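This is the structure I want to talk about, given as structure tokens.
Residue numbering begins at 1 within each chain, and the chains themselves are lettered A, B, C, D, E and F in the order written.
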Amino acid sequence: MNVFEYLNRQNEFLGAKSDFNNAKVVITGVPMDSTASFRPGTRFGPKKIREVSHELESYSVYNADSLENKNFFDAGDICIPFGNVKKSLDIIGEVTEQILDNGKIPLFLGGEHLISYPIIKKVSKNYPDIIIIHFDAHADLRDIYLGEKLSHATVFRRISEDIKSKHIYQFGIRSGTKDEFLFAKRHTHMNLFEVKTPFLKALPVFKNHPIYITLDIDVVDPAFAPGTGTPEPGGCSAKEILEVVSFFKELNIVGFDLVEVSPPNDSSEITSLLAAKILRELLIVLG
Amino acid sequence: MNVFEYLNRQNEFLGAKSDFNNAKVVITGVPMDSTASFRPGTRFGPKKIREVSHELESYSVYNADSLENKNFFDAGDICIPFGNVKKSLDIIGEVTEQILDNGKIPLFLGGEHLISYPIIKKVSKNYPDIIIIHFDAHADLRDIYLGEKLSHATVFRRISEDIKSKHIYQFGIRSGTKDEFLFAKRHTHMNLFEVKTPFLKALPVFKNHPIYITLDIDVVDPAFAPGTGTPEPGGCSAKEILEVVSFFKELNIVGFDLVEVSPPNDSSEITSLLAAKILRELLIVLG
Amino acid sequence: MNVFEYLNRQNEFLGAKSDFNNAKVVITGVPMDSTASFRPGTRFGPKKIREVSHELESYSVYNADSLENKNFFDAGDICIPFGNVKKSLDIIGEVTEQILDNGKIPLFLGGEHLISYPIIKKVSKNYPDIIIIHFDAHADLRDIYLGEKLSHATVFRRISEDIKSKHIYQFGIRSGTKDEFLFAKRHTHMNLFEVKTPFLKALPVFKNHPIYITLDIDVVDPAFAPGTGTPEPGGCSAKEILEVVSFFKELNIVGFDLVEVSPPNDSSEITSLLAAKILRELLIVLG
Amino acid sequence: MNVFEYLNRQNEFLGAKSDFNNAKVVITGVPMDSTASFRPGTRFGPKKIREVSHELESYSVYNADSLENKNFFDAGDICIPFGNVKKSLDIIGEVTEQILDNGKIPLFLGGEHLISYPIIKKVSKNYPDIIIIHFDAHADLRDIYLGEKLSHATVFRRISEDIKSKHIYQFGIRSGTKDEFLFAKRHTHMNLFEVKTPFLKALPVFKNHPIYITLDIDVVDPAFAPGTGTPEPGGCSAKEILEVVSFFKELNIVGFDLVEVSPPNDSSEITSLLAAKILRELLIVLG
Amino acid sequence: MNVFEYLNRQNEFLGAKSDFNNAKVVITGVPMDSTASFRPGTRFGPKKIREVSHELESYSVYNADSLENKNFFDAGDICIPFGNVKKSLDIIGEVTEQILDNGKIPLFLGGEHLISYPIIKKVSKNYPDIIIIHFDAHADLRDIYLGEKLSHATVFRRISEDIKSKHIYQFGIRSGTKDEFLFAKRHTHMNLFEVKTPFLKALPVFKNHPIYITLDIDVVDPAFAPGTGTPEPGGCSAKEILEVVSFFKELNIVGFDLVEVSPPNDSSEITSLLAAKILRELLIVLG
Amino acid sequence: MNVFEYLNRQNEFLGAKSDFNNAKVVITGVPMDSTASFRPGTRFGPKKIREVSHELESYSVYNADSLENKNFFDAGDICIPFGNVKKSLDIIGEVTEQILDNGKIPLFLGGEHLISYPIIKKVSKNYPDIIIIHFDAHADLRDIYLGEKLSHATVFRRISEDIKSKHIYQFGIRSGTKDEFLFAKRHTHMNLFEVKTPFLKALPVFKNHPIYITLDIDVVDPAFAPGTGTPEPGGCSAKEILEVVSFFKELNIVGFDLVEVSPPNDSSEITSLLAAKILRELLIVLG
């Protein structure tokens, strides 16, 4: 027996394996909230999600399977130059590329939604026929926001410029400008308010494509996910999003991000716990 | 270009116009929580609701319309003599009268529920056939509370003395004394627990009357609206109340108040956000 | 008139009577959270539940009855030797025994779930045919947890050793290890995820047995009950649990505990309020 | 052994005796914050001060004596009609009178500073030569505040009308209007900023008079006492006020109040703890 | 009497006058925290400082004068493009220039310390002989921080490039890299740990120059100013900084900023209150 | 360039080296708060101290030296069986022994003060002439507390049984029972209230002995260290304790612990920051 036997390292996501080379999935945190216009704090998201994950069981009764025999690596948080959006996005893009070049599935934890832009840009290069599944309360389809082309509010407008038309499916949307809804009509499949019903309806289409999923936690109602940058009342319940997640096992997921968890606004940590639980299900499915 | 071009004034409700004379609706805050018996704090409600309103879009996908072309004025908060209930109510009454005399629709933000008393007293004078739609977890029909005739717990008993019998419709009620429920049987239309179903049932009646709506945010379950003076578990969801609000456009609304939002008990600001969203829908409908 | 007329003692549960001898039910608080592995704080539960109970009405419109004419005594909190689990459980057992010996129904407020072990051990001695109704997000059926036989995570494994096979009914379970679910298959009636539907289905069986109910507040979704030691997203709503509670009047309840309310994680006190409301309904039913 | 032996009643101040008749001192809480203009919350002061008192030792190394052999009774909180200032003050006055008529020393816990008015009015009737020692950051000498004669900001103006000229000694004052400072020059002994030095200088005078002490916790710097209604930076330290308190044993104290502790603004409870410690010293001295 | 008489507009700093043209001083808020590396939140500083200022008296017993007869204008907050540091600084510079061109003294509320850079750049152009008085816990003299030339940690290195050598006086510094301290030896007057003593010693020099004062609230110990981005234990007290401020009346102040107040980390608002009090003294002195 | 270059691992204490073998000092966290009688939470202390350490500079202007060239290893947190005090202490003792056997200096982060018992027991075996320097607000010299021999309140009574008489020096003590003070008179050097003055007086004695330092953060006043289990008003300032720490370089320190930091009661993280800063100074001195 030696001193290390007692030591408890809980800084990685529940059940993460220490071997990068054998990992099938790589978790990376992106503590960036530079363009948040309302309340900052999502930079603390990845760290907190890892921390609370250890309260969960590694076994999931939803999937009747466990994290224990899954090979995923938790790479920690990327070091972000706070205040320099351009350079931050470049770094995120490079990290994505290296994960992909190593033949692994990238799984990112935000941070703000803008981080999805460089990730999806890189992933979609590898999969021209990719479909983006986008869970969110906000359309995020503005062309310009506060004078900027790159912002959490413009991210899917930018992404739409890089992938095939009508290959973005949006669920739970309940906020946006008139222009965004007009743009959505022509360029995306946008589902207002509802999540589970339209998702199940679209499921058959999804099965024929490589899938990237981006999940803004504010798609869930603020009662279930108060810890987020821009809460929007009127969303789905935790139970509903977990039910949707249980169908992910039927998809060919090639990349994933979960964004906008903001611990400073999550006094009971229930948002981070919900995010950790969604992640656990996903890791079981991907493993 | 000059210095003022950069300056950002976010102290009024989202989209408020600066011209009182052309306004159709006038928002007034009432920072009064003098008779709160459990936890005070609703005095901070109006200010916080205005503040968080700027996180919302001015466009509503619920109503497919925007605040931008609506004419409403935000008059700020009334100055209340803390601790002097009688004088406070007199001032609220006078403000209401002046708004009505200017031919505008009064829209008040509480503050505690007692503020509805002088408002409704003045509004109902102008509309003898008025119907009061009352969303609340509590009956608020006591005759006397802690020895006082005027209290947040007696407000609808007092109001019932000023308007036609059976012209108060109550929704979502789940707390009261035995006497209050007996009184309700004879004098109001009280709907226990439920909100949307009985509201839709009564909608045809409402269409034939001038309508005053008073919405105590605690009608919504504390999960969705924790920031309130006396939370009462077992209420409706944010989604349900927003659905009910979407029917307000079919009514002839002559006055409105939204009360009992208590920011000190709303650590993630989701109660204020829900209130602001309800208000946005209402302003779009009234504009 | 004397000085005591003005004095307001709100330290006991709403409506508690001061006479132990005539009481039918005895409330006892157990401020123990020694084995909590995630976040401590349930030791403050009993005190806070009593405190917020005074915000509720003594009359319940759910049961159309009132606490006023019910005879129950609030004995305050047991003094626990913090850090000594063995001795703490012995004391709880002794207190239970004395309450039973006095012919009264014991009603305990936790504290962590482990407190149910000595209580149920004593109660079940008096009622060999007893059925345990267990509401919880977690199976709590481990054999050993962190090397300990006695822990909040092993409590129902221990209890299962003392009562008849298959006399434990579990509702709302959504977290556990593979072993716990295997054990449940053989030894308990475990209902995954759902609460109301399976409860109503089992109700006829319950009517023929003495019933002990143990309610871990985390059976409810964290949106409605954030203030708990190990929140688990995906539970039932406050409305649903209150509907289930409304059926308790059809049961022969011989003991009850409500555990895992953790005030430090309950910034808006809505978890304590829900617990107090459940308790009020129970006291009306038992009175 | 019986059930009550284990039960732990911590609702009274540390060391309070249960016998009113033999008590020399009576503690009464006054949960009133009706005229608070900035942030309410002092209504929760008395309850919280009692609660945290149990963290302290009953022995004081400052006075080398203990609460154990002191006879004081804790009468709990007065029931206040929230929102009715006039009636609230009448009730406080009556309670004071009864305590005095029973030959006991009254010790009050606020609540807001206005409560001192009826208390001092009654006490000073019994002691025409009384001196009032007033610790505070604010002069509280306005004639009228927000149109009201009775307010936390006018309380010592009112009191000055009832006692001998120049019999009020004020310490630590650092906020007021020009008029208040002019009034103070003619009618009180006001010491700006400093506490200990001027107190020691005045000590010889105090020894020849019956003394009433009123201590607004905001006399202490907000770093040491953040939990108060209107914090005013630039005050004394906790150490300094405790040193001043250690001289109280040389005085003939006939009444005392400690006011303006506001638990909702005291996230670490250090203000309540300081108040409880001051009270412990006082009770040891008075016993 | 009309509706506006009752209305209470508390969105500007206490005592601000509504006339820009006659104002001698102009307050501008800069809600920028883009380069904060630890915890963001100073963007909420200006708004909160204004809000709590209304709890203070307009009269100062420190200066025996009042805000009432001072002419200053509160221009509100500048609209900042979150995440675009370069453009944000340009805007701040332009606003500064316009205030100076109008012949008024600029007074800025941060926001992070980087905002001082464009302000001082503009102000120092008008006053070649200017001395910068810098109160701070941190040297802020790095050349590059996280790869960036413009950051809260490099601001005084940048400023030193624009003004005369040895014209920066630093007080209260207790954190930095070895290089920063070496740089300070050659280029600034840096005073470690202490504030009042070295300030008084340098006062005679200051009297012969136009003075710009930049006050990072973290110069004060975190006990007195917990609400800041990077608290550094071991600073001066609130009393000491207020004493230093009382000497500002002897200086020829041509510009001022107060930065790094972070309301999300200031649960009792005592940091904002201290900032507001410092500002009140300054406005009285400048008026 | 590869993916790891961007990754930012901030889970160890600032500047920790990854090589255990070459380390001179080993940091170990002990997340134990089982015997806390007032408010639990110190279990989160070690993790939070590490986290906030990254906000500090690695260079110290106090010691004019840096962590960069110091060899210390951060072993993470020990895994504690919550609720089993006996086994927890055994594990801590074993870990201490192994660190000592490897020829390294043990540095522990609590957790509650009881953890010092097994550590000092092991360390003192190696150094029979050892002197214990004990900074604390509480004497911790009870023989039994709540019926237990092993508790945070008895820890130095137990320790005194293992080392030479009068080899414990206590500083800053301001709370205890009469018996503890009597015991101290005979068995320890206890200094009431004061820290720096008596420490400097005893310094010459300390220089001739191997020294173990145990620092309960509550020795500092709650204004500077609110985040602790049992705050006791009237302590020293952060500045004073840092001055005392600056003398540690003159001592032959063979072991150290810093205990009772409780993050849940430290809303602005200033207590953790103070602890991290003390630790930085110590690591520089020990390196």
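We take it that a contact is a pair of C-beta atoms (placed from the backbone, for glycine too) under 8 Å apart; a residue touches a chain by one contact, two chains touch by 3 or more.
Computed from a prediction, not measured in an experiment: that's the story for all the values here.
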### Task
Compute the rotation angle for the C-alpha superposition of subunit A onto subunit B, expressed as a multiple of 5 degrees.
120
### Task
Report same or different for the subunit B and subunit D interface, where same means the shared residue numbers exceed half of all residue numbers found there.
same
### Message
Taking the mean of the CA coordinates per chain, how far is subunit C from subunit D in Å?
### Response
41
### Summary
Whole-angstrom distance, CA centroid of subunit C to CA centroid of subunit E, is 55
### Task
For subunit B, write out the residues touching at least two other chains, lowest number first.
79, 221, 223-224, 267
#### Entry: Residues on subunit D engaged by subunit E in the complex (per definition of touch)
38, 173-178, 181, 192-193, 221-224, 226-227, 230-235, 265-267
### In the complex, subunit F residues that touch subunit C
33-37, 40-41, 43, 79, 81-85, 87, 146-148, 150-151, 264
### Query
Which residues of subunit A touch subunit F in the complex?
1-4, 6-11, 28, 75-79, 91, 94-95, 98-99, 102
## Note on the structure
subunit B residues touching subunit A in their complex are 55-57, 59, 61-62, 66, 221, 223-224, 237-239, 242, 267-270, 273-274, 277
